[in-house]
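So that we are looking at the same thing, I have put the structure below in structure tokens.
Just so it is clear, A, B, C, D and E label the chains in written order, and each chain counts residues from 1 on its own.
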Amino acid sequence: MTMGPHLLEVDDLTVHFPAPGGGPLGLRRRSVKALNGVSLVLEAGETLGIVGESGSGKSTLGRAILGLGPITSGHVAFAGEDITEGGRAARARLRRETAMVFQDPYNALNPRMTVGETLREVLHVHGHLPRGGEAEAVAALLRRVGLQPDLASRRPAALSGGQCQRVGIARALAVEPRLIVADECVAALDVSIQGQIINLFIEMKAQRDLALIFIAHDLSIVRRLCDRVAVMYLGRLVEEGPVERVFAAPRHPYTAALLRAVPQIDPDRRLPEDPVRGEPPSPIDLPPGCPFHPRCPSAQAQCAADPPPTLRREAGHAWACILDPQVSLVTAA
Amino acid sequence: MSAPALAAPRRLTGILPAAWRAHGGVGPLAIGAAILGVWLAVAALAPVLAPYDPIVQDAAARLQAPTLAHPLGTDNFGRDILSRIIFGARIDLEIAVLGVVFPFAIGTVVGTLAGYFGGLVDTLFMRLIDIVLAFPFLVLMLAILAILGPGLSSFFIAMALVGWVSYARLVRAQLLVLRHADFAVAARSLGYGHLRIMFHHLLPNALVGPCVFAMSDAVLVLLNGAAISYLGLGVQPPLAEWGVMVFEGQSFITTAWWITVFPGLAIVLLALGFSLFGDGLGEILGARE
Amino acid sequence: GGVLMIGKDQDSTTFDPIKSAQNADFWVFANMYDVLVRVDPTGTKLEPGLAESWTVSPDGLVYTFKLREAKFSDGSPITAKDAAFSLLRIRDDKGSLWADSYKAVATAEAKDDHTLVVTLKTPSAPFLSLLAMPGVSILSEKAVTSEGDAYAEQPVSSGAFTLKQWARGDKVVLEKNPNFWQADRVKLDGVQWIIVADDNTRMLKVQAGELDAAIFVPFSRVAELKKDPNLVVHLDPSTREDHLLINHAHGLLGKKEVREALDYAIDKKAIIDTVIFGLGEAANSYIPKGALYYNADNPARPYDPEKAKALLATAGATNLTLTYLVNAGNEVDEQTAILLQQQLAKVGVTVTIQKVDPGQSWNMLVDGSYDISANYWTNDILDPDEKTTFVLGHDSNNNYMTHYTNLTVKALVEQARGEMDTTKRAALYKQIQETAKADVNWVDLYYSPYRNVSRKTIEHFDQNPLGRFSLEDTVKN
Amino acid sequence: MHRYRFLLFRPFQLLPVLLGISLVTFVLVRSIPGDPARLLLGPRTTPDALAKIRAQFGLDEPLWVQYFLFLKNLLQGQMGTSIVYRIDVLRVTANRIEPTLVLVLGSTLLALLIAVPLASLAARSRGRVLDHVIRVVSTAGLGFPPFWLGLMLIIGFSVKLGVLPVAGYGDSLADKLAHMVLPCLTIALALSAVLARSLRAAMIAQMGSNHAVAARARGLSEAAIFRRHVLPNSLVPTINLLAVNIGWLIGGTVVIESVFAIPGMGQLLVRSIFSRDYMVVQGVAMMFAVATVVVNILADVLTVAVDPRVSL
Amino acid sequence: MTAPVLSVRGLAIEGSGRRIVDGISFDLGEGEILGLVGESGSGKTMACRGLIRLLPAASLRIAAGEVLFQGRDLAALPEAEMRALRGRGIGMIFQDPASHLDPVMRIGEQIGEGLRLHDALSRREARTEAIELLRQVGIPDPTRRIDDYPHQFSGGMRQRAMIAVALACRPTVLIADEPTTALDVTVQAQVLRLLKDIRDRRGLSIILITHDLGVVAQTCDAIAVMYAGRICERGPARALLRRPLHPYTAGLLACQPAARGTGLLTTIPGQPPSLDALPPGCRFHPRCGHRIAGCETDEPAIRRFEDGRAAACHAPLLPLQACA
């Protein structure tokens, strides 16, 4: 544990969205429980991967951290300042020191602005613009993400997905942030391009003291890029810890199932005969007890009856399962 | 072992339509633009093109059917219909343009504010829109015209007060979606101000629908002018305006058809220009989206 | 037999005669109610109605009417009490729109069932004419008092027809009143007044045979309809007179030369040709041609733009700019304006047309916010006094919004009202007409006829100059 | 059932709208220069008579008092007394609602009957001659002012051919139907042009949609795809377009009612504006507003019924 | 090996002057699952849409080649006969089940639609059949869910429903265009399992389009790799994945982040070429680490090698024996 304030501290964060009413007349108030009490910390320069199925609340968490989404309860503190309660100043600081990279490279850029305009605007608003050196600054940014400066005059539609994503990253870098949240930023790209973007992140991480929250559903990428990984299920963290330990020895049955379901390029490994049953339940009507129990192969009676298990920690590795010791499912590797 | 690239036999009949299609069938945009261009030219060159003064009366030449001297005939004051249509193009284009520009401007701003901020702002604006929409359009215009007194500028004010709702609705609907688009979230995450996000980032992306609608709206505006004349509060005489001409010629509908039919055709032609242009615009901008 | 279907442009608003001032209503009242004294079909003299005869006391203050034997449509007899009630009601009822016109009545008493005695406060030559107005139709006292406000919709009639159905905005259905004292004279089984606001549609309905007749034929369609072998176009003499109001209170318009110049500059013939398609005559007096005391020899100014220019120059009114108030939606008005604008331009007068909706134009005229404006008048009563008082009597309406002042004329008007001797009255009115003309109180434009159309199968579809249709004589074959 | 839950709340949302409309109408009609008393009495009148009439209708009260009286009456289900007719506004309007309703419904129906086949034809022959012809014809339908179109239809069908009545509103049902054909057609011609345009666009979009492709991959014929998949999916935006256009439609009836001598609400409203019959204008405007809102609710119900995804 | 069910010979698809698919050939054996892999835009979807002649735009057309199915050339079949074949001979399922199902029609209706129109089943028969199909694709409680609308299904269930729709008319060949790309890994595993089970039970042949090599590795019997509109390599799955012939295949395999190790990932330099500016010679040569002299000028034809493998490369990575 470090001494000073953590770069980022998320404490018991809950986000509920209003949902169409329930009941026979639809008069009962309901809500989508997108996040249910998530806590985590991130140090400067650290890379945290967040994985989980679709709808598990990864994006909601990412946006809440950057103050881009609503927060129902809980706290987010950035560099020691509580941004959930803080006023404009805290927000402004957050905006100056964080940035986001999005999943769909095309949608993340304003289709009507050229690459140069997009980048210049950021530099302009953030006052990072050296006098007279506009074009130079833009070119430098483009070069840093491995693009030719002459791309500045193009619009997103005239770029490939990988190029767009690089522009998105360049825009994030223009802020000169201490924290970047990347939400599934390679999911839409081809493998060959994916590798290039991941490499860019790996290089950036090495070059500067940049903290990264990397949201993904591709476990293998997280394993390659991140220091720590957090696994989410239905708005809760179910497991969290250093990448190597989590991947080598998952303690939560969900993590294990997830790892098992990832297709491997190994013609000798057959499809799992019995993949995890069913699909995640609706976040509107969460099951009682452990949210995973309806699908869990080793669920027991008390999993349904007891309140959801809290995270248990062991040397930086935490998991939310009452079962012990570690589940007997180990990845093939 | 790649297969030889067999050129499929082409029948001659297939080529022309194919070429036509490849060019988008000379494009509605092009035809529309051409029609509008012609009208613009007519309006600009009216004094040169028109054989007569549009408002000078000639008692000797009253109610003449189309002749060589008066290709489209004359009205009951002996005024030349052709000249009146030509000069009318000036006023009607002005009506079509200004009758759309003001509602467009107000509507997009209101729609942007409502769609972007949502919540209370949105509710308030939506209720206002409900209120305006709940009035029969023409009647509302009539009332406003009655307050302001008939005339072109009153007409524009009335159009602006009544017509903005459609644009506001369109833009709002777009913005409700766009404000959740990644690039809007990105803009917020970069700490941009609301005004910048609204008007620099979102609005330009929401304008296709309103622009296309504006084209068909222009036609409706022209017709509203005519309908208002029918109800008795049209533009001031003796200006030559097509809608008013159709209305004035009405009393001669069985004896002097040319007084109404030709200005009517002028409206249709202009309408065609606008709607083709709008369709083309929609297709092209829509495709680019 | 048969039901006559007549198209008109406006809906009836009520069947209580004191509550309307609209021609649209009056023309219906005239066939539903009888009055003590009627105007004859030529519109030039009075004839007995419900009053068989009457005598006037020498001082002109006491009128004694002898009522004939007659019944209301509900079968009850029409008595002098009803007549007195009707006369006092129009004077006193708070809903009456005509109270002022009957201020001269001091008392009205029924001496017996058939004798009505009316006393006036001052002698009034036009009084008998006033009694011919549909507003003082004889109503059943019993029905009016028992029905109250509802009377306006379920009237009891004293005339040729009774109300059968009133579909507001659609039609008024009248049927023959079997109790009418002249019931033998009435050939029709009934009359339907059908509201068709659009002039073209109304004409087309007659052409298609859906209507037997229609009123207000647009001037522009008269010639064409005349050619239709199935139709008859009636151009009946009217008391309509069109004129150009001049606001004397506005600067140079106060100068007689300027007003004269306007009169000289206006080519009435051209207006008649263009706007009303030759269907009228240039007017030379404010009194309609052929009406009581009309002065056929009243001097008229010929069309003379040169003289107009000269007059304007002497008055120092070169570059005169005038605001011309136009009733929006009134075709004749708008066209006249367009024409006058061009005619006045020829003598150097710039005319700005200001179009306002008719609801507003009265206000503007009354407030005096106009320079010139075309207008017309049709008489409600036979006697010229009504119009003369309004136009030249210098009462509270500023001489019909013109702000014309000539105290001699004022005195003459009063004198003529009290003068019971017809020849002396004629002389007075001749003098009034000449003075008004000389002063150019306004510019008389033209006289035009009523324009109605009926199908060939209809006979005797006539309108008298005061607007009354003699439907009791109409025949549908 | 809960997809129709909005029906529970809509009436409450209606209240502020109605209040707003009452205020706007009130302010609007009172701002029109002109004096109802003067119009009622005609030109030959005296100030005394004017004052009497004003007092009789409460026009001499301060404006805000008049407004609250109007609201108070409204709460009691009354709309005041017509200045022109001197009877309750509700009674003035009573027999005028039906013709306007028939006109609006009839023309909507007719417009759909014209627009759906036209749009289908155009969409299915997209870019070909037929498509262009339909486009030009429907633009022409939109380009001629309705009063002209109406007169032309009368001259053609009624005067020349004599197959339909010229104008008016009949007595019996059959008679009424016959009378409404031409007016409905006049409005429908313009309305169908608007509808066909949007319908065509929606159909083209649906024809290229993924689920149409999937249906094609299942071997369905184009006709079956059109009928079963394209058409139902294209209706939703059209319903909403109709609902939005209801004000325009009702506005159009104003002219048509006058041309065809239909004793409806539109004519009444216009006449009342011109005669400054404040109470009638206010009352009729409120009724139109309620009608508009009801139509919009109906459109919502229809949308929900047609599109299972929507719940409002 | 038995005679192929479907045999594609030199299929080329053109649109607005560009060859989007350029002479691809492959065979699909009975009961075989053929994986078609390649990067985005390489023409996988076009090729398969070409097979059933459902190209997404009017400007696209089949320029050359034949598609032999049940003894007929689909590329030359009259449209009416082709339509009869769609759904019954060849079924198709799509990547995005949400948009490929009609949102306003009940699931059961959509499944039964083909049966009612093709086989003239009654409404009731079609419904019984639809329930049975839903059960087969593993939807719990099918009698109740059959009356649901697509939006009431979850993503995985929608994809199952799509499969049921495609299976309804009992096709012999099923084309699955990225059926699992939109799904979570856990659900993806379920759906792939389902496809395999169906193949085993019904013996139909499947073309599985994907860009995930992991998916093909676990499900397919044979693989064809596409690059810029051409097939650059095809062959039995195991051999192709273990010992790729074409440098592009090898590159793809190396790119997978799953490969153990730290530090930077291996990547293929550059980007796939745009169809408007195809490089001369071998389309892959600008990105290829093994290029030889001829690569820049001569377009390599696809050559067959032993073990049923084939590759279009001047310098294959393995010294295999080319066969006739």
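Just so it is clear, a residue touches a chain if its C-beta (ideal position, glycine included) is under 8 Å from a C-beta of that chain, and two chains touch if they have at least 3 such contacts.
Given the structure is predicted, the values throughout are model-derived calculations rather than measurements.
J.: Need the graph distance between chain C and chain D over the touch network, please.
T.: Graph distance in the chain contact network comes out at 1.
J.: Have a look at A-E versus A-B and report the one with more C-beta pairs in contact.
T.: Higher contact count goes to A-E.
J.: Relative to chain E, which chain has the most distant C-alpha mean position?
T.: C
J.: What whole-Å value do you get for the distance between chain A and chain D if each is reduced to the mean of its CA atoms?
T.: 52
J.: Need the CA-centroid distance for the pair chain B / chain C, whole Å please.
T.: Result: the chain centres lie 46 Å from each other.
J.: Please tell me the distance, in whole Å, between the geometric centres of chain B and chain D computed from their C-alpha atoms.
T.: The answer is 22 Å.
J.: If you look at chain E, which of its residues touch at least two other chains?
T.: none
J.: Could you check chain D for residues that touch two or more other chains and list them?
T.: In chain D, 32-34, 147, 151, 155, 258, 273-274 touch at least two other chains.
J.: Mind pulling the residue numbers of chain C that touch at least two other chains?
T.: Within chain C, residues 200, 357-360 contact more than one other chain.
J.: Contact residues on chain A for chain E in the complex?
T.: Residue list for chain A touching chain E: 53-54, 160-163, 190-196, 198-199, 202-203, 217-221, 223-224, 257-258, 261-273, 275-276, 279, 333.
J.: With touch defined as at the start, can you tell me which chain C residues reach chain B in the complex?
T.: Going through chain C, the ones touching chain B are 199-200, 218, 220-221, 223-224, 270, 273-274, 326, 328-331, 334-335, 337-339, 341-342, 353-360.
J.: Which of the residues in chain D come into contact with chain E in the complex?
T.: Chain D reaches chain E through residues 208-211, 213-221, 224, 228-229, 232-233, 236, 306-309.
J.: Okay, in this complex, where on chain B does chain D touch?
T.: 21, 24-25, 28, 127-128, 130-131, 133-144, 146-147, 166, 169, 216, 219-220, 223, 226-227, 230-232, 243, 246-247, 250, 253-254, 260, 264, 267-272, 275-276, 279, 282
J.: Name, in rising order, each residue of chain E that touches chain A in their complex.
T.: Where chain E meets chain A, its residues are 39-40, 154-157, 184-190, 192-193, 196, 211-215, 217-219, 237-238, 241-242, 251-253, 255-258, 260-268, 271-272.
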